[in-house]
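Here come two complexes built around chain A, the first alongside chain B, the second alongside chain C.
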Partner chain A sequence: MIFFLAIASISERNMYGFEALTFNIHGGYLEAIVRGHRAGLLTTADYNNLCQCENLDDIKMHLSATKYGSYLQNEPSPLHTTTIVEKCTLKLVDDYKHMLCQATEPMSTFLEYIRYGHMIDNVVLIVTGTLHERDVQELLEKCHPLGMFDSIATLVVAQNMRELYRLVLVDTPLAPYFSECLTSEDLDDMNIEIMRNTLYKAYLEDFYKFCQKLGGATSEIMSDLLAFEADRRAVNITINSIGTELTREDRKKLYSNFGLLYPYGHEELAICEDIDQVRGVMEKYPPYQAIFSKMSYGESQMLDKAFYEEEVRRLCLAFEQQFHYAVFFAYMRLREQEIRNLMWISECVAQNQKSRIHDSVVYMF
Partner chain B sequence: MSGVVALGYASSWGAALVRISPYTFSAIGIAISIGVSVLGAAWGIYITGSSLIGAAIEAPRITSKNLISVIFCEAVAIYGVIVAIILQTKLESVPSSKMYDAESLRAGYAIFASGIIVGFANLVCGLCVGIIGSSCALSDAQNSTLFVKILVIEIFGSALGLFGVIVGIIMSAQATWPTK
Partner chain C sequence: MEEFLDKLPQMDLMRSEKMTLVQLIIPVESAHRSITYLGELGLLQFRDLNADKSPFQRTFANQVKRCGEMSRKLRFFKDQIDKAGLRCSPRHEIEPDIELGDLERQLADHEHEVLEMNSNSEKLRQTYNELLEFKIVLQKASGFLVSSNAHAIGEETELHESTYSNNGFIETASLLEQEMNPGPSSQSGLRFISGIINKDKLLRFERMLFRATRGNMLFNQTPSDEEIMDPSTSEMVEKIVFVVFFSGEQARTKILKICEAFGANCYPVPEDTTKQRQLTREVLSRLSDLEATLDAGTRHRNSALNSVGYSLTNWMTTVRREKAVYDTLNMLNFDVTKKCLVGEGWCPTFAKTQIHEVLQRATFDSNSQVGVIFHVMQAVESPPTYFRTNKLTNAFQEIIDAYGVARYQEANPAVYSVVTYPFLFAVMFGDWGHGLCLLLGALYLLARERKLSTQKLGSFMEMLFGGRYVILLMSLFSIYCGLIYNEFFSVPFHIFGGSAYKCRDTTCSDAYTVGLVKYRDPYPFGVDPSWYGSRSELPYLNSLKMKMSILLGIAQMNLGLILSFFNARFFGSSLDIRYQFIPQMIFLNSLFGYLSLLIIIKWCTGSQADLYHVMIYMFLSPTEELGENELFWGQRPLQILLLLSAFIAVPWMLFPKPFALRKIHMERFQGRTYGVLGSSEVDLDVEPDSARGGHHEEEFNFSEIFVHQLIHSIEFVLGSVSNTASYLRLWALSLAHSELSTVFYEKVLLLAWGYDNILIRLIGVAVFAFATAFILLMMETLSAFLHALRLHWVEFMGKFFHGDGYKFKPFSFALISDDDE
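Entry: the complex of A and B
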């Protein structure tokens, strides 16, 4: 009797270290599947082969030997880079949907959370595109498939944020993230960027709280990954808003309420006026000091790549533990990074700029 | 009452305990021996099996080799059955005048303890082998040189169940009921 009560309590509140006892009931099959997908990610050798390609048909031929083969084989010969990226994203979406339909609570909620970032990006894409008077169909085609929801096309009708919320977004999972940015101001470029960052901040905090509630290895690994994401966004917001009209208080409101930089790093970042000051702030934190020390003074182009490399390193480490959900998050992120790599390589090959390939490819294994 | 005074128990709980029939304890011991061992084996098999099935989709070569993990878990259930059969052969009838003698109680408790030892040792052994088997399947799918090395860990894990069986059988060997 006591024994069964013990088991029930273990499966509800995962005592750290004992997830192995009950995780496989609902998650064993999917974890094994996602690890199988991870084995199909492109290695450095694959990237080296791809970098040697002369044109896009060569790239298609090399990719046919990988897991992308079945997605690209039916494409007609004058290939575009957008087609390659689109088909590879389709593979990501298929993997995701297969996992989502097999998952039970709370894994299904966890997998849904991974999509909300894409939904936010799609909403901002459509609203910005409408502002610049682009065609709706064209915008819908550019949206990321993981972030599609039913009423997304109605976004073109909205004039300000309150309408945006009331007409479309109140029925979507993004509704709770809007409480902080409901204003009646008309949407313009600056407001849209602020809206994007406010939504993303609310999303990250919500995701963080959800992972904390799950407990165990999931919460530990996801906290690390989400904290890095929050800190990276804080640095990017700071750098992108240097020299714009964004005030210090507004900038501070866009930083998330968790992460290594919270709260003292945020205080210091809010008052930064140029990149060297940002560097000065970040070098006080040992994990980020390593990133910033790779760049010489005054250079900021390599910062994106350095952040991506650090993110990939942490994502690969998530696979070292078994019986937690962070492997799903890590796999999705690694695939997205791989698609970014493929897009860069395809663009460089298509435009005959192969010397610049290594500027932006992040190797994983 | 005279029995209580003669045996010198300080509380009535002690008296109640020794008045439970030794056959009750024996029967519960036998039930735990088989029941909890099978629980451990089943637990281990599902932990291994779910990972094995998922991993075999991308790497079908691992299926035949990794069935060894399932077999190790199964062995745990077999230990439980064997000990349960041995224990039930130790049960003998004694006349009711001798049912509460010290020697009868000793036999009853020996069978009970033997059942608990075997049951719980097999429970944790089954769990251990199951979790390692799951990791073994996933690692084998990524890198086939790891299989044999992880198998060695599993072999050590399955020795735990064997320890339980050995001690249980030694314990039950002293389950001698008073002669008529």
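Entry: the complex of A and C
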């Protein structure tokens, strides 16, 4: 009896180092599921085979031997890249929904957090699209299915941020993140981009805080992953805002308030004027030195891929530990990367650009 | 001895079929037909010679892709036919051979036809549903408008433009275009939009409207009474009719946008009642028109689908076979000239002539000038295991295969299991009443065998049906054992004459205190019914069943050891006989074989000796006098001898074998220390693609072999104790079974029968029947089944069975035709 009380009190407090004792009560099944899913990720051998495909039907044939098989088998040929990507995403969404249905608190909240990023992207996509007077249905089709929420189509009604918030977003989990960008300014491209980054900043900080609260291995691993995400965003914001009218102060406001670069790196990034200065700042941080050392000066094309590779490496490491939630995050991210890879390969195959096929594929495992 | 062993008859089931590795060289023009015929024969297992190639790099990848595409179309037809509520006709025998290309064309035509009809009817259906919604909106919304009419306000009718743009009815489209014009007046600036929306979206819709107009609107709603099909998704949904009143142009755009975002369909409703009536009439007439058109379309489509459905099953089989043929062709290699396909595979030796005939027929039928070359090859890897089974033995073979597929030509325990398995089950389940119930069940399954084997059964039923012969034998044996135990639902019967015991006097007063006297020969078969209910019932039955279990166990384990001898002899390993089989035999029988001997002697002589005491003191003080426990003359020296031989047997089975192996190895590789010389002995003319590539020199690691032997010996020594004890489960389960059924009989049935109340009696009978059916017949059967399974897998097969073979999986149409759905 006392023993069970002790276990209960331990699991209440989430004491570090004791999660192994109680994790499997609620998380064991899902962890098993997610590790099973992980085994279904495409391997380097699969990618090598895919890269040799002559047309999209070959790709379908190869994928039919993988976990995507049942999703693609009823597609009539000729296939299109979009169909492949759509079906693969559908599988991801099905996996995610299955896990979400089975999850209990606090894991369900953790899983919900994973999709907020897509929600932000979708909101931005719809708002930008409306600004450029695109058709709503067309925009909705382009949205990532993980980031869908009920009233997403109503976003088109809004004219400015305040309205956006008051009409639609107040009902969504994104509402708290909006508190920082409530202006009555009309929406334009610049504002929307700032909104996206502000939202993302708030989201990442919130997620970070949530993971800290969870404690144990989850917080340890997620802190690392989220810090990397935050730093990557900081670098991207800096590079993208070079040469725009964004002031240094505004730029600094968009950086998330955690991560390896916080706070001194942010000070330096805020005043960067070209890519080489960014590089100079980043090379002071040993984990990022390796990424930048691969590139020649003045080059920013390969940066994305380098960051993706580093991310995949870190995500794969998350599977080395047991009894934590970061595997779910890692799995979702890896699957998304896999879908990006498949999209790139399919595009290259479809457009007969097979020489460029290795440019953007990030291998895992 | 040798002579006797050689003269033993061959047992077909005992060893798996002899297999041969064969090579086929097939000219390209007859390849397809040859493979098809081989698939019909189903006695050749192809080896994948292209294992390193990915599926789309193989020779016939294109054809496989085409087959995949065709089966997708067939799935589509099946889906459509199911949706339309039609049935595919079952497979019919007259099956004209269709060319793949023809079939492909036919399927494409049919698919095109069905798709076109679908899209046509979909458009119509959409229009129809929209009209239906319009009708409902007209009916429901007019209620609100009447009340608003009283206020004499202006109106405006709105229309969801896109709704009517594609219906193709020109005259009505123009009618509705007239409606597009804003209503006659907007004097007071109050206008309205009416429409219909999904029920589950209603709340959020209303909230959004309220927010967007800052509360300056009036929202009215009423449910549509029937479920209707949503025009865009064609699902049956519950919908709500709404009317929103608002003022101002800005609000209108906003509301329209929100309507669009929520998928709410807006329909114009005129304020004027006469106009309303006119519009309703028009909508109704168009609805009936459309209905007629739709019906005609459905009929047309159904007839088309029917014609597809007639041959759908046949097509499916054809495509599945074609795909299997091409998958098999993909396993073959091209030879150097690219004119022949080279295949390798395993076939049972007896099937060689059949295969030869089939190949000749294929050559003849395809008018090929060159015949198929078919020859036997040398194999390095071990061949697959193939047992020819029949309906009865198949279930038992499955039970053995569940543990592990026998090594090639290894002794097959399934042969003995056919009898020992149901018998051990029955020892635990001995009750001829329950046995009869099982027998009835098994007979039912057998009687309906023909019908059930064609049906698709549930997983549980499938299992029962698959094991029908196991159940039959189990029930027969449990009737037999039940007769021996003399139990019929735990009630003893005087079937084989009267009891051998009787009371001492006529009053029978001391029957339960002093006991009965035996007055004539023993009861002829099984347990004397007088034992039941007596004071010494349990001690008597326990002693009987316990000793019986040990006898059965020792017998079965000895059988296992003897089989290991036959295995060793078959594979020509005298080492295993000398250093494994003989000491094991000595060890087991000097201890537990001796115990069995004592049991039998005790039974025959009726001695009062205490066997526990004999066995324990045989170890503790073997030299001591046995005293009253002596069963036969010379028992003490015999015990000492047995004990000594058991002690000798342990090092015997441990040490010699690894050393002998090392010696053999040293001799074989003497002077071969230099690797280069050794490799020259490997023949250089090996074909690169053949199975002979793997001439790997075995590494000899003495310590590993020694540790392995150590583990093996320890396992056997400990195992012979624990396995013998394990057979006591026969006694334990049999005891549990008879006690349980006694409880149900006495404490439920007899107790309830004691009351003079029909209701209580009925309840008693019901509870008894329920307990008998579910607890005794189902749960007990299952547990006895599992225990018998364990006794076979662990105690029996552990003595000799390696179980590291792999199954023979021939390329056969009969096997592929039912595994896909």
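Keep this in mind: the second predicted complex is superposed on the first by the 360 of 365 C-alpha atoms of A that agree within 3 Å, B and C clash if a C-alpha of one lies under 4 Å from a C-alpha of the other, contacts with A are read in each partner's own complex, and residues count from 1 in each chain.
Keep this in mind: a contact is a pair of C-beta atoms (placed from the backbone, for glycine too) under 8 Å apart; a residue touches a chain by one contact, two chains touch by 3 or more.
Since the structure is predicted, the reported quantities are computational estimates derived from the model, not experimental observations.
A.B. asks: Just checking: does A:D150 make contact with chain B only, chain C only, both, or neither of them? Give me first, second, both or neither.
C.D. replies: Touch partner of A:D150: chain C, not chain B.
A.B. asks: Check whether A:M190 is in contact with chain B, with chain C, with both or with neither, and answer first, second, both or neither.
C.D. replies: Neither partner.
A.B. asks: Does the superposition put A:Q322 against chain B (first), chain C (second), both, or neither?
C.D. replies: So A:Q322 only meets chain B here.
A.B. asks: Of the partners chain B and chain C, which touch A:A20 in the superposed model: first, second, both, neither?
C.D. replies: Once the two structures are laid over each other on A, A:A20 reaches chain B alone.
A.B. asks: After superposing on the shared chain, does chain C or chain B touch more chain A residues?
C.D. replies: Partner touching more chain A residues in the overlay: C.
A.B. asks: Quick check for you: in the superposed arrangement, does A:I271 touch first (chain B), second (chain C), both or neither?
C.D. replies: neither
A.B. asks: Could you tell me if A:A175 is touching chain B, chain C, both of them or neither one (first, second, both, neither)?
C.D. replies: So A:A175 meets neither chain B nor chain C here.
A.B. asks: Where on chain A do the contacts with chain B and the contacts with chain C coincide?
C.D. replies: none
A.B. asks: Once bound in the complex, which stretches of chain B touch chain A?
C.D. replies: Spelled out, the residues of chain B in touch with chain A are 43, 46-47, 49-55, 57-59, 127, 131, 134-135, 137-138, 141-142.
A.B. asks: Touching chain A in the complex: which residues of chain C?
C.D. replies: So the residues of chain C in touch with chain A come to 54-57, 61, 64-65, 68-69, 72, 75-76, 201, 204, 208, 211-212, 254, 257-258, 260-263.
A.B. asks: Where on chain A does chain B make contact in their complex?
C.D. replies: Residue list for chain A touching chain B: 20-21, 24-25, 28-33, 35-37, 39-40, 322.
A.B. asks: Can you list the chain A residues touching chain C in their complex?
C.D. replies: Result: residues 49, 52-54, 57-58, 61-62, 64-65, 73-77, 136, 150-151, 153-157, 166-168, 171 of chain A touch chain C.
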